[in-house]
Amino acid sequence: MALDNTPKRVFKVVGTRPPRPDGIDKVTGRALYGADVSAPGMLTAHILRSPHAHAEIVSIDTSAAEALSGVKAVVTAKDFAPQDDDFLMDVLDNCMARDKVLYDGHAVVAVAATNSAIAKAALKLIKVTYKALPHVTDVDAAMTLDAPVVQEGRSLETVPEGMSQNVTSHCEFGHGDLDAGFQKADVVVERSFTTAATHQGYIEPHACLASMTADGKADLWCCTQGQYNVRDLCSAALGMEGSQLRVTASEIGGGFGGKTTVFIEPVALALSRKAGRPVKIVMSRDEVFRATGPTVSSSIDVKIGMTRDGRITAGEAHLRYSGGAFPCGTVDMGAQAAFAAYDLQAVRTLGYNALTNRPKEAAYRAPGAPQAIYAVESVVDELCQQLGLDPLEVRLKNAARKGTRSSYGPTFEDIGLVATLEAAKAHPHYSAPLAEGQGRGLSAGFWFNFGGNTCVTLNVNTDGTVGVTEGNPDIGGSRAAISQMAAEELGIPYDKIRTIIADTSALGHNDVTDGSRVTFSVGLATIKAAQDAIAKMCSRAAQIWGIDEEAVVWKDGAAEPAGPNAGKFPPMSLAEIAAVSFNTGGPIAGHHEFNADGAGVSFGVHLVDVEVDKETGATKVLRYTVFQDAGKAVHPSYVEGQMQGGAVQGIGWALNEEYIYGEDGRLQNPGFLDYRVPVASDLPPIETVILEIPNPGHPYGVRGVGETPIVPPLAALSNAVSRAIGTRMSSLPMSPPRILKALSKG
Amino acid sequence: MRFAQPRTTEEAAGLIAQEAGLTRILSGGTDVMVQLKSGLVEPDLIVDIKHIPGLRAITPEDGGFRIGAAVSGAELGEHEGVRALWPGVVEGVELIGSTQVQGRATMAGNLCNGSPAADAVPGLVAANAIARIMGPDGERDCPVAEIPVGPGKTTLAKAEFLTSIFLPARPDRSGDAYLRFIPRTEMDIAVAAAAVSLTLDAAGTVTAARVALGAVAPTIRLVPAAADAILGAKLDDAAIAALMEACSAACNPIDDKRGTIEFRTQVAGVLAKRAALIAYSRAGGTV
Amino acid sequence: MVAVTIWGSLRRFTDGKSPVDVDATNFKELLDRLSEEYPGLKPQIERGVSLALDGRIYREAWFTKIGPDSEVILMPYMAGG
Amino acid sequence: MKSIHVSTTVNGDAVEFICAPDESLLDVLRNRLGLTGAKEGCGTGDCGACSVTLNGRLVCSCLVLGAEAEGADVGTIEGLANGDALHQLQQSFIDHAALQCGICTPGILVAAKALLEKNPDPTDTEVRYWLAGNLCRCTGYDKIIHAVQDAAQKMRSA
């Protein structure tokens, strides 16, 4: 792909901070989210969920519920088409349990009724007979040979023989001679870590409104990170043709990866099909915690060798992740990301995924990476402490850079890690004095970033304005960034552009909003679509002027004659060309569709100061600074917003957030009261430093920025707390009881 | 379910007495509404007592204050008189929930909810506050300390409800304080809590003290041994150590999602120490 | 011929070899040859793989050109949040 | 369950509705009055997304019964702007990029307005504690605090 790779170009719109196009709707309460719409004749549905961690469904008797006045439809797993594809079958089995319930909160039956109260009353009339089975919720316990088997026959061919049936996959990455590497080390530290499952914690519960008519056509409104993915999953589940299901993405009240799949959408469609009326489902917060996307929980061993002068000689990590009751490939990404920040001669990572009786893992911001990098960055910090070395200097000494063979295989292109570390070193935060009882922590972080399938249409209106139609729900301000890139490329003001997000029938496929892909991929497609429209506008101008279209260039929002014709005609602006478009061949639109690559990996470095109350184990975050390479920050405010938001999610993960299971295998804290996300008063200002090391894969140098910021906080906090209390912490979250216990052990 | 807004305490008492099914009193509603939402409680009658004259009033009485049962945390916090007399009680009430919850939640509701971790209650127990209770047979007074008997359980009879809480007058050189431990800075339920109320003589010696602990036993617990530990002392290190030991010894907590037995036991003593020092300073003492 | 680096856990399907040499000029040919010559890799290839070509990751694009001197690394198919 | 007739005032307008005795004010606003600006993030008073004012007091509308609104004065996000003229807080939130997904924004704006009416010149710490009951998962709160302070400063000098 030939790219106009001119990173030093002077931007007019990109890099500025215009108001976001959805701003007024969102500050006035007018923006419509998943639960904010209704339809004539609409029914409300609720879902009966398993009270058991693991049980066989012996029988389901819905007769009394169906007989209740106002109940219009009842569905169970039998109402969905069986799937050949394992991945799809798992998604569906997670939406509605088939033969066994696999975790506390697993959906069993859904009821649609004329109102919420009747639907809830109907759930109480349903008799489900369960045969309780032994359960396992801990990843290490699940990997033992005598552990209850969550699902049989799910191990991939990659799993070594002799392991528990709960182990579904195994991966190994790395290069070099580990033994030789450890031989060269002056100090070797080996330590084991655990991290709790955490939830994305979006404030908007899943919600949808489905309407299917007797001729098999259906419309679905839902909050999702990917309407096309919802369309594909739901049409398969319902045995429909994709074209018959139109999915419209509502405004989305947070996703962070957790809204990249379906939970209630196929259920609402099945209920609507049965009842012949629109059906709305809105999850309660309790349901969100019990039945939707937590991260993996993990147990990790890391061993790293270092010479006295701070050179890492070898690194090894064994990662055991559980993505809940279904197979999950997240450990692959953790195992690849673990040592990505380092230039190593010898490195090996082994990963295993094990089934447990927990909800099915859903992606959460850089899935798999925070856990692995937490463990590695903790051991690097401990080595620095043991050897009396500066942790930033050690990272600089070992930093991956352009030409480094990465720990997961590929050789890095231009990357910003060294620049990011240098920026941290030069920042006043790094040299600010610390008081007694305080500690400073540092961690690097990494994420791959993705491109993916993308489709954009750019319509030039006759009044000289432009509509961009794209297909990725805006979770962090992407409509603003895309409008900026369209304005930049076309050479017209930002406020002449309106970017909207299409439903599935209005635009070709777009991959979900994930992998930090949207500003990169949709932006790139928008630039290409603008170039397509520009070519057409130049051609129209050439026609008008009666010159060869090759002799027309686009400059500052206008066509200009060039070459031998230069100066012969005054430039014709986009508005002027658009105004006569009906006379020159019809409407003008640019399109681009592609499978984007070249996303460019992302690195960040976080610095944090904490103070620990040694009598209570409470940690106070005093100062926090995020350094990250954004390639080119299209809208710096929203880049900062990603850096700050990701950092705070990571702070929550490090200090207080966790899924807590009781002996009975049931989730103990399915609410915001006891699942403790950070509140405003917990936090200091989050300072940000954006580095711009252009991504060679994008004409403006853009890199994805959304995921990397959640990676470093786990180790940064753990390193800061460990230094503050003089004891190495190795388990997340570092809740006050854990810190006090560590202190008492000394 | 029926919803009633009686205009007198007698009318309310009558409504409750006549209801054969389950009744819930609604003042701030911050617990009742959560119970309704969860579906665990399905009352037949909800009695909103906010419209009964006097129940939203704070009235000076015998040098102390009578706080109506429907006075919200925010309203109490804005009352300079109560703040000055019983700052520890007020700070306990103000720790219940968010700003939004403060706009509704009441001290009386917090007491009647029967939570061992209720933030308003240790301060009230330390203050030896007296609850006024309305029932089918009229009004009675009862020390706050005698109301909770276990998680979610109180000594109130089925048809009884609180109308006010009386915070008594106190001698010069008195002070109180309440501290709780939560993992975050806001929005959590207390994992351990301590309230201390004390009176000093002119020399700064503690002449009277009450110490109450929260979240470390099935009910809020008055700990006379802890009070004894500081009586006659000037909060010197030995007295503090004895106070902490007495508090930890009085703990009978559980392991749960909020904290461990070990943690609660240790932190209760720490909080009692810190609360005692604040109360001491508020009473005019200098350590 | 291109030399394809195979990640650790798949090497037991390539007789422990990595890199393996295959005759391919694009991603599709590469996957087809690998499946033919090392049938044990087929299940993973069908589940999905990514390809890192000279340091850049491609997820699906069949006709991505591979030069004889390209650095070619097979990776698991990945998804983000 | 017999429905209850309620006469109330919402954003200065007289409003009547009927509701079930156990129906929350939030459900009434959203489902009966079409005011969907207040959001249900938890239904238990832990997230603040449903914040409204009731007789001038900031409350979670999920913790208020619809029936309690009888004779009361309810203020919601829909009443914050004066027609087309945004409230300074709304403008400052847009200017300072203080929202990402926006689901918490209505609740935070209603809460921030209540704060500035009570305390026109709060410290950052006071803003943070006042807003502790309004969860935001996108922004890390930093830009929200800046936006509230920017609005406070502009409102003081207006």
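By letter and in written order, the chains are A, B, C and D; residue numbering begins at 1 in each of them.
The criterion applied here is as follows: a residue touches a chain if its C-beta (ideal position, glycine included) is under 8 Å from a C-beta of that chain, and two chains touch if they have at least 3 such contacts.
For clarity, every value in this text was computed on a predicted model and none was experimentally measured.
Greatest centre-to-centre distance from chain C is found for B, with centres as Cα means.
Each chain gets one centre point, the mean of its Cα atoms, and the points for chain A and chain C are 26 Å apart. Per-chain Cα centroids separate chain B from chain C by 67 Å. Averaged Cα coordinates give chain A a centre that lies 29 Å from the centre of chain D.
Contact of a single residue of chain B with at least two other chains is seen at positions 185-187. With touch defined as above, residues shared between interfaces to two or more other chains in chain A number as follows: 200, 256, 672-673, 678-679, 681. With touch defined as above, residues shared between interfaces to two or more other chains in chain D number as follows: 1, 20, 43-44, 46, 129, 131-134. Interchain contacts (touch definition given at top) occur between A-B, A-C, A-D, B-D. By the touch criterion given at the top, residues 17, 19-20, 22-33, 35-36, 38, 117, 200-205, 251-256, 282, 284-285, 475-477, 635, 637-638, 640-641, 644-649, 671-673, 677-681, 683, 685-686 of chain A touch chain D in their complex. Of all the residues in chain B, the ones that touch chain D in their complex are 1-3, 5, 26, 29-30, 33-34, 36-37, 46, 48, 50, 72, 74, 97-101, 103-104, 185-187. By the touch criterion given at the top, residues 156-158, 170-174, 200, 256-258, 260, 329, 332-333, 336, 348, 350, 363-367, 408-413, 447-453, 514-517, 595, 597-599, 697, 707 of chain A touch chain C in their complex.
Touching chain A in their complex are the following residues of chain C: 5, 7-11, 13, 40, 43-44, 52, 54-61, 64, 71, 73, 75-81.
Interface residues of chain D facing chain A in the complex, by the touch rule stated above, are 1, 20, 30-31, 35-44, 46-47, 49, 76-78, 80-81, 86, 90, 93-97, 99-106, 109, 124-125, 127-129, 131-145.
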